[in-house]
Amino acid sequence: MVRLTHDEIDYHAVTEAVRSHAAGAVVLFLGTVRELTAGRQTVSLNYDGYGVMATRTMQQLEVEACRRWPVVAVAIVHRLGHLALGDISIAVAVSCPHRKQAFEAGQFLIDELKRTVPIWKQEHWADGSTEWVHPGTGEVVAPATVEASR
Amino acid sequence: MVRLTHDEIDYHAVTEAVRSHAAGAVVLFLGTVRELTAGRQTVSLNYDGYGVMATRTMQQLEVEACRRWPVVAVAIVHRLGHLALGDISIAVAVSCPHRKQAFEAGQFLIDELKRTVPIWKQEHWADGSTEWVHPGTGEVVAPATVEASR
Amino acid sequence: MTIKVRLFARARDLAGADCVEVCVDAPATVGDVRKALLDHCPKLAPLGPHLFAAVNSSYADDLDVIPVGSEVAFFPPVSGG
Amino acid sequence: MTIKVRLFARARDLAGADCVEVCVDAPATVGDVRKALLDHCPKLAPLGPHLFAAVNSSYADDLDVIPVGSEVAFFPPVSGG
């Protein structure tokens, strides 16, 4: 089960979705909005997503995890839109018979999701600027607000 | 925060206990009662613990995790007593600034807990026998019920 | 032929639109569309070499030919999670 | 001196008690108490070499001396989690 939402993520429901008598281990990962990044202060985030492709890519990751590990169930929910400090941006839950499998599958899912799923984070810094996070583009500071006002 | 309980584990509360604006990653591990072990069917489990030492050992693990990783918070709750299929026997939650740290710290905590914390599991098999699980003692089947009736 | 290109995140902000139309000769490759897109929106130049392409919700290379009726998107490196 | 030894899990089941008292000469080591325990409860023999010892809630070796007034426990390999 994979899903995008603009609402708060109910990680209890995400976790219950993977619990099973066949599983001895459940691993849940939550990504939450952190206040400090390299000394800069975040006041909020905005997430944009290419919905149909993001959903499809997450489904492919679920299939791949099930191929690599004896996964009982996977549930992934990613939030889009405006998020405040501490809010949950992503919940990944996976259940397996044993714990090592569950940890490995969980880490694989979030690592690959961050690498391949077309979703983008925009920082809203405490100094009033905003910045899309696009790793590797060399645009360390890319204030869209300044850009828009030129 | 570490705790033993005879009640159902509220893993939502365990998770909320570690959420923080300082953390970008939360990892929650749940151990749940699995139905099948090496082809044998479990109907329920009983957990016994040496309470004061188990609590102290879990506290030491929390300290060690905080020494090894930039942990924001740890919460561990282990259940004792009678557990039904699917019940949660343990919840381990840890939060860190970044996800790799949180996965590593979470896996360390559950691995070391299983290795060192004085808590014991007794299988109640579908054939009516019971068996304490004591790894390495060479007593593959040690039916306490049969023993007691001799 | 005219191809609608969806844009996301900073690419959308730089272009000032979430979808632009470009004209290319058929059959067109992803590289053809990339070139037409950058000609059409010079402001995308700083992101040009970093833009990923997707055709019908799958990542695509510049050499891939775009089937008629496809949904095409260009976007900068992802940062979800 | 008399030392109360707490027992857990299968050790408790085999001994038929969660606590037994054994007599040892002071100062006693964990090994002394282990020997006295196995003499007192022969049914523990199958677990004997596998029993872990704890003194005041810390794991202890057979060579460790037991301070007066300590809480002593013996138990089989753990299986929590």
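In order of appearance the chains are A, B, C and D, and numbering begins at 1 in each one.
As a convention for this text, a contact is a pair of C-beta atoms (placed from the backbone, for glycine too) under 8 Å apart; a residue touches a chain by one contact, two chains touch by 3 or more.
This is a predicted model, so every value here is computed, not measured.
Colleague: Show me the overlap between the contact partners of subunit A and those of subunit D.
Modeller: Touching subunit A and subunit D alike, sorted by label: B.
Colleague: Can you tell me which chain lies farthest from subunit A, using the average of the Cα atoms as each chain's centre?
Modeller: D
Colleague: Between subunit B and subunit D, tell me the centre distance in angstrom, where each centre is the average of that chain's C-alpha atoms.
Modeller: Chain centroid spacing, subunit B to subunit D, equals 24 Å.
Colleague: List the centre-to-centre spacing of subunit C and subunit D in whole Å, with centres computed as mean CA coordinates.
Modeller: So the centre of subunit C lies 72 Å away from the centre of subunit D.
Colleague: Between subunit B and subunit C, what is the separation of their C-alpha centroids in Å?
Modeller: 50
Colleague: Please compute the C-alpha centroid of subunit A, do the same for subunit B, then give the distance between them in whole Å.
Modeller: Computed value for the inter-centroid distance: 27 Å.
Colleague: Counting only residues that touch at least two other chains, what does the list for subunit C look like?
Modeller: 81
Colleague: Going through subunit A residue by residue, note those that touch at least 2 other chains and give them in order.
Modeller: Only 31, 99, 110 qualify.
Colleague: When you draw the chains as points and link the ones that touch, which shape shows up: line, ring, star, complete, or other?
Modeller: Topology of touching chains reads as a line.
Colleague: For this structure, enumerate the chain pairs that meet the touch criterion.
Modeller: The complete list of chain pairs in contact reads A-B, A-C, B-D.
Colleague: Quick check: in the complex, which residue numbers of subunit A touch subunit C?
Modeller: 31, 47-50, 52-54, 56-57, 78, 89-90, 110, 113-122, 132-137, 139, 142, 144, 147-148
Colleague: Which residues of subunit C touch subunit A in their complex?
Modeller: 6, 8-10, 12-14, 46-47, 50, 52, 54, 57-59, 71, 73, 75-81
Colleague: Under the stated contact criterion, what part of subunit B meets subunit A in this complex?
Modeller: Per the touch definition, subunit B meets subunit A at residues 11-12, 15, 19-36, 85-86, 95, 97, 99, 102-103, 106-107, 110.
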